[in-house]
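Naming follows writing order (A, B, C and D), and every chain is counted from residue 1.
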Amino acid sequence: MQQKERLDREIVAMRVARELRDGDVVNLGIGIPTLCSQFVPEGRSVTYHSESGVLGYGPMAEPGEEDVDLINAGGQFLAPSPGMSFFNSVEGFAMIRGGHVDVAVLGALQVSERGDLANWMLPHRGIGNVGGAMDLAVGARRIIVAMEHTDKSGSPKVVRECSFPLTAPECVSLIVTDIAVMQVAHDGLILTETAPGWSAEDVQALTEARLDVSPDLGDFRL
Amino acid sequence: MQQKERLDREIVAMRVARELRDGDVVNLGIGIPTLCSQFVPEGRSVTYHSESGVLGYGPMAEPGEEDVDLINAGGQFLAPSPGMSFFNSVEGFAMIRGGHVDVAVLGALQVSERGDLANWMLPHRGIGNVGGAMDLAVGARRIIVAMEHTDKSGSPKVVRECSFPLTAPECVSLIVTDIAVMQVAHDGLILTETAPGWSAEDVQALTEARLDVSPDLGDFRL
Amino acid sequence: MNKVAPTFGEAVADVPDGSVLMIDGFAGPGGTPQNLIRALRDHGARDLIIVSNTAGLASVIGFGTIPGDRPTDIGVLVENEQVAKIIASFPVSPSPSRPTAFERAYLEGKVDLEVVPQGTLAERIRAGGAGIPAFYTPTGVGTLMAEGKEVRSFEGRDYLLETALKADFALLRAHRADTLGNTQYRGTSRNFNGVMATSADTVIMEVDEIVESGEIDPGAVHTPGIYVDRIVEIA
Amino acid sequence: MNKVAPTFGEAVADVPDGSVLMIDGFAGPGGTPQNLIRALRDHGARDLIIVSNTAGLASVIGFGTIPGDRPTDIGVLVENEQVAKIIASFPVSPSPSRPTAFERAYLEGKVDLEVVPQGTLAERIRAGGAGIPAFYTPTGVGTLMAEGKEVRSFEGRDYLLETALKADFALLRAHRADTLGNTQYRGTSRNFNGVMATSADTVIMEVDEIVESGEIDPGAVHTPGIYVDRIVEIA
């Protein structure tokens, strides 16, 4: 079963991008989430927010075009875009906490069946980078997690209870991994899509949390 | 005694202006306080703050030069000045509460011997304009009251206890009226200056609070 | 995502009875959305709760008003009996002989009033927009404003607990906006406009000029477009 | 009231041992006062408490750094054993194999750490500058950040009480300032610079360019000059 093919990061990002609606204000975390902006369907206008202090930025800067005064929260260089605006960190987080960001796409170390999110600290390291993750987790109207389904040692990241320190409890709405799409419902996780060749049982076998299988279970919708 | 001559508003403002130091950030209330900026001694650079959202404004606008987008908190038209800056009401009051305004010069209905200030509501009216007075009274580093010594009916405005609703308790440092200058000390009011022709007894007779007479009592220093 | 509304009337057409509105009106007409206020009067929504710095002064005593001008302010909504309550810092005329429409209605018991210190009003609106449910402030300690409020000491000084204010709609006035709603105010007219834009569900702006996106320096935007829902150009 | 200091060294010469400093350093060198940090290293003040978003990342992992550049950040103060404690949101390297100077010192017990969520850090600094001693925020409820903190419910949701942060000095970086200290930042380098300027007793800025007062549009000033004490032009 471990030999079944997992989706690559771009496909995961593409699936998440389908969730973004016309007019949404979206914050993209470091890693797979950053890739989502390339895959937003035609005809949808999405405004990107970064807690580095910019709204409405363009794509990643081309090599040679980097500007240390135009970065995202992961320190990546951005290209300018007409209609963008700059602000300080107080304003950037007022937007987040105040509910002005529609969607945050975040990576995760663990997500629980209640939607608890752990994405800032590996307990064995004893020290971690919280950055803006806790503010985004409580402030953005909808939290989508984009991640690999298991960690590097093959352990499940979709768990019954997070064993890692929480970023925020009960905040995640949707989990998109390299093998499955899961909705966080009031009474647990609903498996709605699987990667090509993966059955619900295959996904469950790599998932610690119990998955309810949607009657409409199907392939990844891209 | 009521026949002795009182100082006019400009002289009161001139006396207050001597209190402003080079580099001070100053907020001037409505009435006599507004007049102070004309009388700042040569060589002192004072930056004026208005909670309407401007720092470093110039003198009053000349007739015909009025701009509805350049007013003070009393709705008076200001002239621009090089180096001024604009901001919203949140920032304007962050400056006040945060201790960034060195001096506020305010009018008053009553000041008590402890430095309690009442300047926003006549009780018989049952309704009043607090405006920015309470924020200034607690936020500015030094509060100077500039006012007539008695009200229109001749009753003392420098009192033992304010009978009018307070703006803030124990906030006033100095009281300058049309007959006297009084410092608010820990144990009461100290009369330091009187208008020409007025004795300490003359001033006390129009003052409900008990005045300690300074050993250095003298004429208004202008 | 073009946010330009064709007329003032259409921009306020969905304001229901009983709405909470933030409407700028600092002292004079600068920053006051006079056209949107007139449209709301014509629209006729009633039982409104209005958050504003004043309760309609410019038309009565000429605060901040060019001599000879008779600007519109929220006083017309009070006169038209559309207002149930006003939350303001400077609600009455400083000249008792020239009372405002609000003041007369208040004394007749037709409208409620909550007086809030101006800095606390600004901070409560900011808190509403910034996801801060409550904060402590030194303003109002030991005064009537402290009645019924929690007093708490931090490092030996007393503070009042104040809570966030939010609104259903904001009616605001700016100088320029691009089609995305990125906005600049002129001079002191930024005042409450710059914060009310963050704290209402639907933010409606009248502006002198609408420009294409990209025409406003991104470092000089006062209110980013994500806060602004509808823009109407003043003809 | 000319605020221009002749050299970086003179600008930081009076920073005593044990000071609390706010120093910008968001992710890369943009906004980081590299020259003032080097001057503070040369000055040698010790037992410093530093408030900053990161604890020195740019020089280690190249966050926000043009390839080939080796920017200075507060890591040099840690390496020089001048730092007693850091208050930050992003203190360690995201690459465990490339630890920061701070991280090594922390694991050796040479320096203390307070990790604060980035939005809470910004809001606490803002509160310090705005006369707000404490506020409630939803951030951190149900996490390690809530340990020892008051939790309180408003309208059915839980929030943490967080308190203001202030500093003795702020070392900041801006693009332009006039001689009165009116300041503009460039792009995303405004980040923590724009708020730390309000919350320190003495605010020291390095800037690309100093201009005469009146040369900066009063509507486009990011930090009004009353917040800024000393300005040094980057040669």
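As a convention for this text, contacts are C-beta pairs under 8 Å (C-beta built on N, C-alpha and C of every residue); 3 or more make two chains touch, one makes a residue touch a chain.
Being a predicted model, the structure only gives us computed values, none of them experimental.
Kindly list the shared contact partners of chain B and chain D, in label order.
C
Could you quickly compare A-C and A-D and let me know which has more C-beta contacts?
The greater number of contacts lies at A-D.
Please indicate which chain is farthest from chain C, where distance is taken between mean Cα coordinates of the chains.
If we average the C-alpha coordinates per chain, A ends up farthest from chain C.
Roughly how far is chain A from chain B, centre to centre by C-alpha average, rounded to an integer in Å?
The mean C-alpha positions of chain A and chain B differ by 56 Å.
Between chain C and chain D, tell me the centre distance in angstrom, where each centre is the average of that chain's C-alpha atoms.
Each chain reduced to its C-alpha mean, chain C and chain D end up 34 Å apart.
Rounded to a whole Å, what is the gap between the Cα centroids of chain A and chain C?
37
Roughly how far is chain A from chain D, going centre to centre by Cα mean, in whole Å?
28
Scan chain A for residues touching two or more other chains and write them down.
In chain A, residues 54, 86-87, 93, 96-97, 139 touch at least two other chains, as defined above.
Could you tell me which residues belong to chain C and also touch two or more other chains?
123, 126, 130-132, 137-138, 185-187, 190, 218-219, 222, in rising order.
Applying that definition of touch, give me each pair of chains that meets it.
The list of touching pairs comes to A-C, A-D, B-C, B-D, C-D.
Which residues, counting only chain D, touch chain A once they are in their complex?
26-31, 53, 57-58, 62-66, 89-92, 94, 96, 103, 106-107, 113, 115-123, 125-126, 137-145, 175, 185-195, 222
Going by the contact rule at the top, pick out the chain A residues touching chain D in the complex.
Interface residues on the chain A side: 30, 50-54, 66-71, 73-77, 86-90, 92-93, 96-97, 121, 125-135, 138-139, 165-169.
Inside the complex, what are the residues of chain C that reach chain A?
Chain C reaches chain A through residues 1, 126, 128-132, 178, 180, 182, 198-199, 212-214, 218-219, 221, 224-227.
Sort out for me which residues of chain A touch chain C in the complex.
It is residues 22-23, 25, 45, 47, 49, 54-56, 80, 82-87, 93-100, 139 of chain A that touch chain C.
Show which residues of chain C lie in contact with chain D when the two form their complex.
Answer in residue numbers: 123, 127, 130-138, 154-155, 157, 159, 163, 184-187, 190, 217-220, 222.
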